[in-house]
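Next up: some structures, all given as structure tokens.
Here come two complexes built around chain A, the first alongside chain B, the second alongside chain C.
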Partner chain A sequence: MMTTDGEKIIETENLTYSYGDTLAVDHISFSVEKGEILGFLGPNGAGKTTTVKMLTGQLVPQEGWGKVLGFDVAQEPKKIHEKIGVCFEEKNLYPRLTVKENLEFFVNLFGLEVDIDPLLKRVDLSKWVNDRVETLSKGLQQRVMFVRSMINDPDVLFLDEPTVGLDPISADAIRNIILTEKKKGKTVFLTTHNMMEADKLSDRVAFINEGKIVALDTPENLKLKLGKRTLKVKMRTEKGFEEETLPLRDPETPKRAKELLEKRNIATIHTQEATLEEVFMKLTGRKLEQ
Partner chain B sequence: MKFSRMFSMAKKDVVIITRSSFFLYMVAMPIVMSLVLTAVLGSVGTARPTLAVYGEGELISILEEEPSLNVTIFSSEESLREAVLEGEYDGGLLVSPTPKLLISGKSLLNERVTIGATLANAFREVSGKEETILFETKVIGTEGYPWKVRFVPFLTIIAVLVAGMIISASLIEEREKKTLNAVLVTPITPLEVITAKALFGLFLGLILGTIILVLNGALTSGFLLIMLFLILGTTFTVALGLMAGVVMDNITDLITRIKIFGLILYFPAFVIMFPQIPQWLGKFFPTYYFIDPIFSITQKGAGWSDVWWKAVVLLACDVVVLALAAKVLKKRMLGKKIKA
Partner chain C sequence: MKASCIKAITRKDAVAAMRNKLIVLGLFAGVIFAVMYYVLPSTVEETFTVALYDGSSSQLFPPVSELEMEGIHIIFFTSGEEFEKAVEEGDYVAGIALPENFDSQLLSGKQPTITLYFKSDVPESVRTSIEYFIQLTIEYVALGEQPIDIETEMLGEDMAGKHIPLREQSLPFFLVFALMMEMWTISTLIVEESAFGTMRAVLVTPASPSDVIISKGIVGIGYSLIVVVSILILTQSVRGNLPVLFLGIFLGAIMAVSMGLFLGSLTKDILGSYIYVAVPMLILILPGMFIFVPDISLSIVKVIPTYYLANAFGQILNSGAGLVGVWKDFLIIAGFDTVFFVLGVYALRRRFS
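After this line comes the complex of A and B, so read on.
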């Protein structure tokens, strides 16, 4: 590969997997470039985790192919494993080992010598370093999960709902780390059903529904193309308040807005951004979060 | 294959075992059983052999001074015969007219050897000659082993079975808790994971087996030969354990199965424990070729020439289960589908 710019770190074509009769991932094709964060957004059972499992060599694609860092996921998984970090959806730490023992074990598996303290500090875990994982709260365990995925300073991070169950401060700490890693040139594959998170972090967002990618673009483009920006006008009446929503792109809107401004007692007026949630609804008729 | 990764894996398993009451219980079980049996049935091999003596002369006083024997003087030949026949003494010596040694069928090999050697020395001392002394020896009473000794094969099987069980329980737990998934997305290969667990199991079985034999006073001779059979025997249970570890879904399932299949593994030990059971029945079970040689070596003084063919049969059993295990593991874990 010649250029760093536009280098494809993750690439798939017609990637497919079914569990028996359940078609979990249905011929999906996409690519992620170096230094890019791809948000993989979809409701429960959409096929996000199954995609991660195929890309990380835990499941072998039944059709199509996937490549990570130029290596085929089915043929050379071990070459990939050296350079990736995986944060699993299910918490799979060794409960009877301490935080430190858990992390050091993985450091050893990579054959590295890493000082884990700075990483622990970044997610505010230092206090619990010698506590057994089984005694930690779910949120703390989730932070250990995230730290574990970073232990080998991976080139590619596969994060399957990394902020699930975290308090807002911890979640933000992790989001900031993800952004810092991106700045260092790391590539991130992030699954989530939190549309705010996807919007804030992702360079591009893929909407996945029933195993298919239904849209893939930057969050701005998705909202511009498919979302509706509106003008919300709140007016005082004798009985209380009255509200009117005007689509921004409608040619009638300026006229109607002027009318309201002149004739009515306006309380508030503001434009409303489209959200990824609305875009997803429009595309699939389904809600992201149940 | 990278040794350092396998070592990390095994090291982590050791720490986990020391923190799990289930694992600790498993390791402690054969040791505690040995200690309890020693307390209840008395120790074997540590006490001095008992010798009943009837007759007169210098020999008697020499024997009475002998520190390696516990000598009792009898007043009649009949009462001496009776006592040895009943197994109350390991041996009985009739001094005149020609020396005659009666050995109880229930005495152990160690004790027979000690009595023989001590008597030969004593005779030499009396006659003042360096030549070999011959005296008539006869085993009387039914041949049999005391309870304590008959339990040793059973305990030895438990020791190697525990090694296999710990390996399978540890694999099941890694699959259940999905820690195996996390391990397998690092550079360690499935084959290395399995090898690490297998070697750890082998090591555990060897250590535990040795401890059990030592505690039961059975590790007196043929050390290397016994080690060989311990390795071959543990290989058998570890291969079974690996197979169970990838097939079974939880530890409760494993324990239920062991209650059923364990009987097949224990049966040859029961055959030795109860001489009333036709002894040839044991030969149909693979573990017979593990404990029978160990029993022969430790209690009957058997050597390589006596037991080599049993080592071959046991090795063949190992090859069969290892091949089976490889097939199952390949399908479940090492092949295209990593199922955890």
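After this line comes the complex of A and C, so read on.
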């Protein structure tokens, strides 16, 4: 799935940041290669946003270092800003400006001459181009923010919950755009709570908990190493339905499955893959959406 | 700093401000001030009440009923003590004291000495009128030209030539008020960037905090000029030394912008910012307000930076002063501007970083 050529676009070494006595990011080291999508997952307060802030030059690391596109995040943030796009989790658009005015403002900040219409069409926003942002739904605003992050055709995209609040069709449209950008060789640093999304889009996934990266690998490897595949059997009973989950690697499972089959009251039976959520829970004892 | 970023942010702020109803309402302050200007009296008091003391019960000096003329109302005193008290307390614009041997001096052809007491703010023209009135009265009594000696004593600081209609006196107040209102515009633009989270989005583009600060300053100065110039035009007060007047307006606008930058860095809450701005704004418009309560000692307001602004505007607009007359005020304002600007930029950079 990875289409990298080995060039490191994002690199960190012992990256650390504290808010007073609270260690938000604790000596994390990782790298992201060109054309790679890295899913950065963790519960609230785990250090995801602080990491993104350091990588995008909004915070200066207190220890360690970070580089984006070869530029030091502490020393050369403006060189980084020229070539990245950031989609924030919170809605941060100018409410009194129209969609077009919001986007043209950012085009002007980059000193570019970009036709925004094709971008608007890609996320189905053309209809609202002259509407003030304050009149748009949260989902539409999210789409505007996503378009804004791509306005300078960035080499690296930092996307923080890019599909939150979107209907399934719009969310899928955005996921497809992310994959298209990846195919063009763009690097994506994706922060999300949505396990399905991370699983579907990410080449690799980093789990961060209490400021530390506790696992970093492809979703498949993580699930294989740390997850548990199961056989899920749903049976009809007098009271309705009853469900039983059997671990596939358990030597007792074939015997129990046979017993259930012989009862002839099975409604559904299927194998179930481990999820990233389960892997995270196994690693940290915490749920991702805490 | 990037010129393209400054241009983009300035343009965006100008459009965003024009869609903020309160800021647009602020632009119309010029009209409101102009209406208030025209409501105020355009002329000075023209009837003067004068105290007359005649300790010698002169037979020659005409009775009050014969002396009163248009614009002068006379109150006669027979007690020197009461006369002095009334004049000192400022109940009368002038006091006329006849000498004790007035009749005999006049009859013997000698030169009587008449003492005139004036309140400090009596205009020179009124003093001249009263001196002329005395001269006429004596000529009337002496049935011809009679040399008299008039001694003038000022009660308080001589304010000759400074008696200006309230309408014109109020102009510096309106100008200072309009300029200081822009503190609010700037602080609102900054607080909104924080409240809407847009500052984060701007700062991950090529734009720097300096670009943002300069752009807000340009918008603030632009809005100040619109309001102040509209006041000057609507009140037909575009007069005096215009380059000096606009230098003063520019210095005042920088003060408002600098204060706005500082105040805007104090909070992320839009409503909270109104309170943060209201208190300093009230203090800063105070010097201009003192024209309505002249009895309060001006030395108190000299610690307020805008005193020098109001004073300079008054001098330029109402006394025709040029740079020579107001350079000290401008120097003090520039000093305050520097302090406020450094403070504002420092606070804002801390906020943005």
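The definition used in the following text is that the second predicted complex is superposed on the first by the 255 of 290 C-alpha atoms of A that agree within 3 Å, B and C clash if a C-alpha of one lies under 4 Å from a C-alpha of the other, contacts with A are read in each partner's own complex, and residues count from 1 in each chain.
Here is the rule we go by: a contact is a pair of C-beta atoms (placed from the backbone, for glycine too) under 8 Å apart; a residue touches a chain by one contact, two chains touch by 3 or more.
It should be emphasised that the depicted structure is a prediction, and the values quoted were computed from it without experimental measurement.
> Superpose on chain A as described above, then tell me if chain B and chain C fit or clash.
When both complexes are placed onto chain A, chain B and chain C end up clashing with one another.
> Looking at the overlay, what does A:6 touch: chain B (first), chain C (second), both, or neither?
neither
> Regarding the shared-chain residue A:90, is it in contact with chain B (first), chain C (second), both, or neither?
both
> Classify the contacts of A:70 with the two partner chains as first (chain B alone), second (chain C alone), both, or neither.
Touch status of A:70: no partner.
> Quick check on the superposed pair: does A:165 touch chain B, chain C, both, or neither? Answer first, second, both or neither.
In the superposition, A:165 touches no partner, neither chain B nor chain C.
> Considering only the touch criterion stated at the top, classify A:247 as touching first (chain B), second (chain C), both, or neither.
neither
> Between chain B and chain C, whom does A:185 touch in the aligned arrangement: first, second, both, or neither?
Neither chain B nor chain C is touched by A:185.
> Determine, for the stretches 23-31, 95-103 or 149-157 of chain C, which one clashes with chain B when the structures are superposed.
With chain A aligned, chain C clashes with chain B through residues 23-31.
> From the superposed pair, tell me which chain A residues show up as contacts to chain B and also as contacts to chain C.
Shared contact residues on chain A: 56-58, 78, 81-82, 84, 86, 88, 90, 92-97, 101, 105-106, 108-111, 132, 148, 152.
> For chain B, which residues count as touching chain A in their complex?
2, 4-5, 8-9, 12, 15-16, 19-20, 177-179, 181-189, 336-338, 340
> Give every residue of chain C touching chain A within the complex, in rising order.
So the residues of chain C touching chain A come out as 2, 4-5, 7-9, 11-12, 15-16, 19-20, 196-198, 200-208.
> Of all residues in chain A, which touch chain B in the complex?
By the definition above, chain A touches chain B via 56-60, 74, 78, 81-82, 84, 86, 88, 90, 92-97, 101, 105-106, 108-111, 132, 148, 152.
> Going by the contact rule set out above, which residues of chain A touch chain C in the complex?
Going through chain A, the ones touching chain C are 56-58, 78, 81-82, 84, 86, 88, 90-97, 101, 105-106, 108-111, 132, 148, 152.
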